[in-house]
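In what follows, chain A forms one complex with chain B and a second complex with chain C.
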Partner chain A sequence: MAIRIRAQEAARVRPVSARAPWWERNLAWLLVAPAIAMFALFAIYPTASALLFSLSRARLIRGSLERTYIGLDNFRRAFEDPLVRQSAAFTIKWSLSVTAMEVLLGLLIALLVSQLARGRGLITSLLIIPIIMPPVSVAVAWRFMYDPAFGIFNYLLNLVGLGDVYWLSDPDVATYALMAVDVWQTTPFVFLLLYAGLISLPRDPYEAAAIDGASPWFTFRTVTLPLLKPVLLVVILLRVIDSARIFDKILVMTRGGPGSQNYSMTYTIYQEFIPKFDFGYTAALSFLFQLSLVIVATIYVRRVMADYSAPAE
Partner chain B sequence: MTATALTLTGARTGQSAPVSFEQVTKKYGNVLAVDNLTLSVENGELMVLLGPSGCGKTTSLRMLAGLEKITSGVIRIGDVVVNDLPPRSRNIAMVFQSYALYSHLTVFENLAYPLRVRKLKKDEIKRRVQEVAERVQIADLLDRKPREISGGQRQRVALGRAIIREPSVFLMDEPLSNLDAKLRLHMRGELKRFQRDLATTTIYVTHDQAEAMTLADRVAIMNKGVLQQVGPPREVYRQPVNMFVAGFLGSPPMNFLTLDVQAEEGQLWLTGPNVRYPLPPEQAAAVRQASLARLALGVRPEHITLSHHPDERAIPAEVYLVEDLGNELLVDTRVDGQQAVIRIPAGPAPSIGDRIWLSFSPADLHLFDPTTEARLPSTSPAPRATLS
Partner chain C sequence: MDNDTKPTEANLINRRELLRSTAVASAALVTAGASSAAAAPSRRGAPAILRRQGGKLVVAMQNADQQAAQPLIDEYAEANGIEIEVQGFPFEGLLERLTINLTQATGAYDVVSMDDPWMPQFAGGEFLMNLEELGYERDPDFVPELLALGDFPPGSGLRGIPWVGNVQVFAWRTDVLEELGLEVPQTWDDVLNAAAAITEAKKSEDLYGFGLRGVAGNPAATSFLPILRGHGGDLFDDNNDPKEPTLDTPEAQEALRKHLELAKLAPPGVENVQHADMGTNMYSGRIAMAADIWPDLLLQIWDPDISQVVGKVAIGPEPAQTGAESKNMTGNWLLGIPEGSQNPEQALDFIVWLTAPEQQKRLLLDNNIPATRTSVLTDQEAVEKLPFLPGLLEAARKAVPRPRTPHYNAAEAIYGRYIAEAIAGQTSPEDALTNANKEIRDLMVREGVLED
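Take a look at the complex of A and B:
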């Protein structure tokens, strides 16, 4: 009420009129202008420029860029390219698999650690180590451990009398070996988020459930999971999007091999760009990849997370 | 799991059971939260644990619920020692201060939860939820989530969820303290009726003495982890065993005047700089026996009458403040610098600064040893025929 009266007084003192100077009439726009300018420079310009490239044949030939408008040819080519199809399938499989494993493992560790009476801090600190390591260093380290001749894994297998496994070159094994590295590095991140969610859950429903006679498993299903669901949904979204962009580990460990079996979308784009410098085609691929991620994320946020977008009580 | 639980406590669903604490102690590190508590609650009784915050009443309740481990002693529900039984094996139901509803479940699902745990058939669950919902008057809210209903309605859901279990014992942890004053009075009455109708042993924790007095069959007053007194509300009000109990019950609380004891001409006098009060013969014997040099004299505000005329058998005081409550007056006075509050019916009020005289019936006097704070033996006021 007091505020309304003050607003009326203000209106009387200085009536809003068309004669106010232009900058006052457009103050709101002026205030957001710098932000819009930055956004345009760093987000809109590159996207628009990539879109333009994707509509052209653009190649770097003897140090100069040759560019001709070819309409949607690059996109047509992308949809017909078997390597693109294969790497899209690989990316979907990769993203869903590592997300599933990381969330399950992360949740399990978070549940275990939250039950500990002591040592929580130590375990949490130790688990942060993989997160802070650069992915390339992790990939190099694992590549050594996977080495068929002098890696630790085959050494251990030999100790128990089992033969060598060609971790990164056997088509039946390589994909899983690569996934294991990503799961190793990223599960702690998932753990941290879920653990933070778990320990901030209210105590009361647990005590009520204990008194109501619920077993630990029933409590987990009916109390923990529903209460943790908002955090779980965000973690799944983050991981699906982030893991779909896998590149560094694949480059360092197998260069997409064996063959082209482990070509992710980003690796395919890279392959098309670096040796061939096909600006137009790679721009089209990048645009398609970015668009599909945006579509997936939008559907997910609209449909799956809709119940949680309104602020809880 | 449920079947074993029931045989463990020796009680079937719907069968109330007595409760006993035997020398129960709870320590958190070096902090003594509950000190050697011995208390038995009869079958079907409503026992109120009353005390200020931190007195150990909630800890005692949580130990009974199995939410806290006990450091030493024995807790029984029925004939069964429940010390090491998990909460789910004790056949108890609890109403929490925060209600502790499952926020992601509807009212129906909240009520059904304890029955789902017992793997009852869907039809049976539906029938009992409907029955209980009608009983606590939330039948029209079954599809709502807890955040969509009012505080009073949530409280009813919490109560319904407790009732639906048909437990051996109800535990209530300040269940009314989150309600506004008017609703609290209303729910207090309803709780009393529910408990009467269900005739299930109930342990009710509160810091609100009015709630304790109106609800309880018996009140157990605790302070600093130690049980002070147990008895029916009227008894603990009329015969408090010490100054803590006397001061905790009643609003405004009992007045205490600490005075010197002097013997002259075969008569005991309570004296201060401006006070010379002849101790009534009924009380003198006990004071002589205790041979005290100082005495705390306790009188409830409603038992004091005031006069503007000097009286040898009255205590002189000065009016410090007058509070008009509409139907009555609270006259705050000073007796030798000590506070004494008098409650009198609305009428002509004394003015601030007036010199007045306070008098009371010997039957309404409570005498305490000011060092131990204990009531002097055999100074219990004789039951007043006019009141009782």
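Take a look at the complex of A and C:
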């Protein structure tokens, strides 16, 4: 209520006199101009530039970039390219799988940690370590651990009498081995957000549930999950978008292999740029990828998060 | 609360004052920006004058080469009283940097180190200075086939001097072949038979008959090309003037079929094997033969500190089927001077110094950089320490570069991916080559080399 009164009062601003200096009459525009300029420079210009490139065949010539307008040829080529279809399918599979695993694991750890009487700070600090590590360092370390000859995993398997696993080269295993690295590094991020959400939930519903004799599972299903849902939905959105951009781990650990099995969209775009330097096609692929993410995020926000996106009265 | 939100005269005055201050600050910033902009040319100009006086050289090369060559570079800088800034990049990062900086003649680098497949793009496009026009005289001590890599199109003048003498060789374990009563393979059929016999006999000892690289792109392509050429095939119709891709030929099909047979005789996990893994597999005694061994790996194989097979490995020309010509592949690195360099005379002096016999020998013996000069490859002290040098020289004399087209890197990325897919069982060998051929043809059409 207090907020609404303040807003109404703020709205009753004295109108600016017609004799006021120009900058005072255009004060609102002047104040938002830096933000608009930054947005135009760093968001609109690159996107517009990518769109222009995507409609061209561009090649580096002496001292400049030669561009020839070719209409929608690059987009047509993208839709006909089997590698693009394969990479898109891989990216969807990757994004949904790692998000599901990270959210489930993150939620489980958050629930466990929130039940602890002591040591929450220590566990939280330890769990932050993977998030801090650069993805390339993580990928290098895991590549060594996965090494068939001297990696720790095969060493442990051999200790218990099991044979070697070719973690990064066996087509049946490699994708899951890569996913495991991403899940290891990113689950703590999910945990942190969900844990913050959990400890800020109101206690009253839990006390009521306890008085009514509700089981822990019933309490989780009917109290915790509904109250935590807004945070969960945001976490899922963040992870779906972020995981779809997977690149560094794939580059360092398998370079998209075995074969091209683990080519993500970003890795395919990278391969089109270096060493092919196909600016136009790369721009078209980037534009399509960006557009896909925007569409997914918009649909998600409008449909799935609709109940939570309106500001509270 | 009212005082916080209601606009008052005092608030308005403060706001005006704030805006005036902001305006003054903005004006100051704009002025400062303008002054910086005005000052920019003179700041850029000053170092340029210094450079012309021999003040500074900026060099771009691969990380690994930088680490090896840095002691000599420092020595040259100190002796000549100049500053040399060496920027090291990974392979793909260097290609990206050079492609943009050389084509745009940014003048960012005075000396660049380039892989020889890049020469048709950089030399052919005349993005590099003609060193002979700068006063360089050809030295017959360089292995002729290697020096010729810097002359593209042939006869147009040298735009690069080879300084890292990489040549791909066929290597085999003499002790293993002898133990199993096998002859040194001459043809790819011989290689396949020998590899099968070795894997069958020695697999239980973790020794496999053959090693190759299966990672998509350059690794898989580089392992496959000697086999393709050893079957009388090639990537394009003409290695010196490549236009039509020729991966859909019976020779190519036969070569890939054999390549896949050999992959089955390699240590498991071939799908993720890269260049460094080939060296590890060879010097740790895990593979008995490989056709994708390079001098940097030979130096490891002959290093008693890490190798378990010192004195047990021999090298020679790549195998070839009867009727096909044996061809070893070059992968030399060349030093050139980009157009736009501010200090070409000093840059040329530096290149001449670094590729001189004394430095080439030191690079070879102390820093593991394979030489490009005949006198160094036959030097008595060097041969005593590295007995493979005569074999390397022989391979260099038979060396053939990868197809000489500015579009080779793009073509390699295409067929290297399809070969990797075939090794991983993702596609059939027939489809792999048919599709690779079609995509490379589409590439050449897009680039205006072929008509649709």
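The criterion applied here is as follows: the second predicted complex is superposed on the first by the 284 of 313 C-alpha atoms of A that agree within 3 Å, B and C clash if a C-alpha of one lies under 4 Å from a C-alpha of the other, contacts with A are read in each partner's own complex, and residues count from 1 in each chain.
The rule we apply is simple: a residue touches a chain if its C-beta (ideal position, glycine included) is under 8 Å from a C-beta of that chain, and two chains touch if they have at least 3 such contacts.
Computed from a predicted structure; not experimentally measured.
By the touch criterion stated above, A:P226 is placed in contact with chain B alone, chain C being left untouched. Of the two partner chains, neither chain B nor chain C is touched by A:K93. Shared-chain residue A:E24: touches chain C; no touch with chain B.
Contacts of A:A208 after superposition: chain B is touched, whereas chain C is not reached. Judged by the touch definition given at the top, the superposed model places A:R76 against neither chain B nor chain C. When the two complexes are overlaid, the chain among chain B and chain C that reaches more residues of chain A is C. Look at A:F277: by the touch rule set out above, it reaches chain C but stays clear of chain B. In the overlay built on the shared chain, the residue A:T254 is in contact with chain C alone; chain B does not reach it.
By the document's definition of touching, neither partner reaches A:R85: not chain B, not chain C.
Shared contact residues on chain A (touching chain B in one structure, chain C in the other): none found. Listed in rising order, the residues of chain C touching chain A in the complex are 1-2, 5-7, 16, 19, 23, 92, 95-96, 99-100, 103-105, 125-127, 214-217, 219, 268-274, 409-410, 412-413, 417, 420-427, 443, 446-447. Interface of chain A with chain B (complex): residues 204-205, 207-215, 218, 222-223, 226-227, 229, 312-313. Listing the residues of chain B that touch chain A in their complex gives 1-2, 5, 65-67, 86-88, 90, 92-94, 96, 98-105, 113-114, 116-118, 147, 161, 165, 171. If you check the complex, the residues on chain A that touch chain C are 6, 9-10, 13-14, 23-24, 27, 57, 59-64, 83, 148, 164, 166, 168-171, 174, 254-261, 271, 274-278.
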